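The following pair of complexes shares a single chain, chain A, combined with chain B in the former and chain C in the latter.
So, the complex of A and B:
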């Protein structure tokens, strides 16, 4: 067989085969990654927390636990820590202990059903009041007001923070709920939040949702939240 | 050299994801290597006059 001078680059069949291959592989990859994402998004259960299994989206019963935001040098970003942290001395990897509880509106024994119902009501309120018209939640929404993904961990709402002091409440959840019911009364920012007619029950549910959302592992998103002074490793 | 898993929920993809670029590089290799084979296969066919 003699070697005829040929150009593969001008051959239609070469491009057709390449295009078929790339499209096929990409389609299969997208399907596999979709199933992977579905696994990642699976909400954890109360048993997971009892068995100290970390899930990206924890069970609603996390509202019974203390939530911290800690830099994980192993993963290279901040991670939410539920109920106290343990540090692996070899890798520096931090993980949740699921032990230390924290009262949420006076209780730390919210059952899975109660917590789920409360968070569901919070979600419906957030949708009904169109929070996303101004705020972002988990990256979705508008850029007029602060991102709420880690709002629960904002040091401004802690016992030493100015926002809790402003409302005169004794706990973070009560301060947030008080603010949400009458946001127009408190001078927070030039862009003041309007009064949306949120009832005390709705405010409680929204705060539960915010606490739950702060415990979702978002791979360190939003990136600039960790730069707020006192937001990360609040308890040294 | 190989980390067992860098993700919170471990899967085949999180094992490939050893660093920010690795998953991308592995997936592109998967696509490009057979294209090199397709190139030489087509060249062979063209030269033999198919």
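So, the complex of A and C:
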């Protein structure tokens, strides 16, 4: 049995009640914030893009558009830009125009249904091949291979980049898909990606997912993506 | 202690502890493979790739800690409640089912590794979500086994005494089990996926597991020092208040960059900055009790268990508290997120917060099984704790140096591109850090071998007649 405490500060009852209340309040706050976050994090639709509504997680039809990652002076960090940008002259805020299209595997008219099916397959493949146990996605995962959050925008895969040239493909998406199917054939570094038996369909879907993921608003992560290349490179 | 007469629940605890120690070995083995691959990437390439080695390394860690956690509860439950564990036969059956399931999951991880990109793979092979990769069928099995465990805890406590330690554990375990459900679904939306994934990962290791540790730590203090129960339980409630008060909303520090709203910057920064506070409390509390009991001339009843508990309090504060705080503010985390920083933090935090206290609980069970009133540290035990602790500390410092290099070179200079990443990975200082990490890993493996030897032999190597008076003189 408890002895009579000399002060409230040494009373077990006081601390038990405090613990219960504090835990309860924290849990309720977390649940309320979760409702708000879930609302803001819902995947957008093709209609949003038509109406030029920016969503944190856009519709998968963004694969039909040119995607960019530019500094927004208003928010103070980089933001994804879909289909060209407009700049607000008063605040400097940049936003997506949703106009400039870009062919993805030869097409820029992927319907919402097709695009959703593609990223569905892509996400399943990303999980089935344990990508996260070498790479990071949105910065989470293992640190044995490059972060994939903005991999779609990586200068190495652009038409001037060494990786596209290495695969002999004519476009970024084809280069990435070719690499994914036989990564051990293209040794870029001593540390190579293993062959995970990725089929052509799976590779296409994974690349679609990478393009879709690069359009997610990550509050400016990663910082300065690809911006300093060439300027501060000690090897050159 | 009840001499040689153990409760059936405590015999079940010994089974859980045995599997835990075996899996601990597997964790170290696969960690070693992954550490070698950082330096020699062709090692086991296309046979047992880094992704698999790393997955088994971390899954073995999580599973052995859960085994040890369940074991420790089965150990203290009948002792605290004063009655036999109610459904001990059911508990034993659940133990064998869980162990068989774990064996199948691990064999599939190692020999099947990956599957085609469809739902079948997620159900049968891997869910491919870091830390909780276990396929869906195993998830359901885990839930069933945990329900049996929870039933046993609740039914036993309701039948016996309701100590403060047991009340905290009852509340904590139900939250711990319930949170696992947040990780059992699939979505195409990777931001929402990671949002709920952190509910499991963070609210386990930075909230419910920490509270579990505080409760079991309280029990170990009572057993090793004869600490005053009322004081221990008062501290326990204070720690619960501080841990849940900071840890629940501290979840926000995982919501800086995954497609979540910006307000998590402030919430995550504030509450995660508070997370180290209860961890300071934990070690002040242990040292305070130690000093107080020493002042009274009381001896420590189980020196290895107490030594590991001390490692726990410092390790928890340093690894989870200090190393966590170092990169928890968004202004810093923007550059450290997704680098070796979390690896440095993770190694010391898991060792400090969880591994050490579970070894402490296992030493307590070893003493109880032999029915010894007091247990001294052996030479092997001393070497084991020294090699493992110094090894993990050195590993953490090595990874921290690699992390600094990666953050500055890859993130600061090159902006996280493919090329920037590999330039940083090839940096001499980065590679040196990885080399020291492997060396310190070998020290930990040596320490583990000694630990296993000591756990098996410590009770036979005790000085023949350790009377209470003598013990008091020696420890004073």
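Simple rule for what comes next: the second predicted complex is superposed on the first by the 196 of 236 C-alpha atoms of A that agree within 3 Å, B and C clash if a C-alpha of one lies under 4 Å from a C-alpha of the other, contacts with A are read in each partner's own complex, and residues count from 1 in each chain.
Methods note: contacts are C-beta pairs under 8 Å (C-beta built on N, C-alpha and C of every residue); 3 or more make two chains touch, one makes a residue touch a chain.
Bear in mind that the values here come from a model prediction, so they are computed numbers and not experimental data.
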{"item": "Which superposed partner A:226 touches (first chain B, second chain C, both, neither)", "value": "second"}
{"item": "If touched residues of chain A are counted for chain B and for chain C, the larger one", "value": "C"}
{"item": "First, second, both or neither for A:217, with chain B first and chain C second", "value": "both"}
{"item": "First, second, both or neither for A:87, with chain B first and chain C second", "value": "neither"}
{"item": "Chain B versus chain C as contact partner of A:29, first or second or both or neither", "value": "both"}
{"item": "Contacts of A:18 with chain B and chain C, given as first, second, both or neither", "value": "both"}
{"item": "First, second, both or neither for A:6, with chain B first and chain C second", "value": "first"}
{"item": "Contacts of A:56 with chain B and chain C, given as first, second, both or neither", "value": "both"}
{"item": "Intersection of the chain A residues that touch chain B with those that touch chain C", "value": "3, 11, 18, 22, 26, 29, 33, 36, 40, 56, 217"}
{"item": "Touch list for chain A against partner chain C, complex", "value": "2-3, 10-12, 15-16, 18-19, 22-23, 26-27, 29-30, 33-34, 36-38, 40-43, 56-57, 116, 119-134, 136-147, 150-151, 154-157, 163, 184, 188-192, 194-199, 202, 205-206, 213, 216-229, 232-235"}
{"item": "Partner chain B, residues of chain A touching it in the complex", "value": "1, 3-4, 6, 8, 11, 13-14, 17-18, 21-22, 25-26, 29, 32-33, 36, 39-40, 54-56, 74-75, 79, 217"}
{"item": "Contacting residues of chain B [partner chain A, same complex]", "value": "6, 8-9, 11-13, 27, 30-31, 34-35, 38-39, 42-43, 45-49"}
{"item": "Contact footprint of chain A on chain C as seen in their complex", "value": "34, 37-38, 41-42, 45-46, 49-52, 54-55, 113-119, 121-122, 125-130, 133, 164, 186, 188-195, 230, 233-234, 237-238, 240-241, 244-245, 248-249, 251, 254-265, 267, 334-335, 337-340, 342-343, 406, 411, 413-423, 425"}
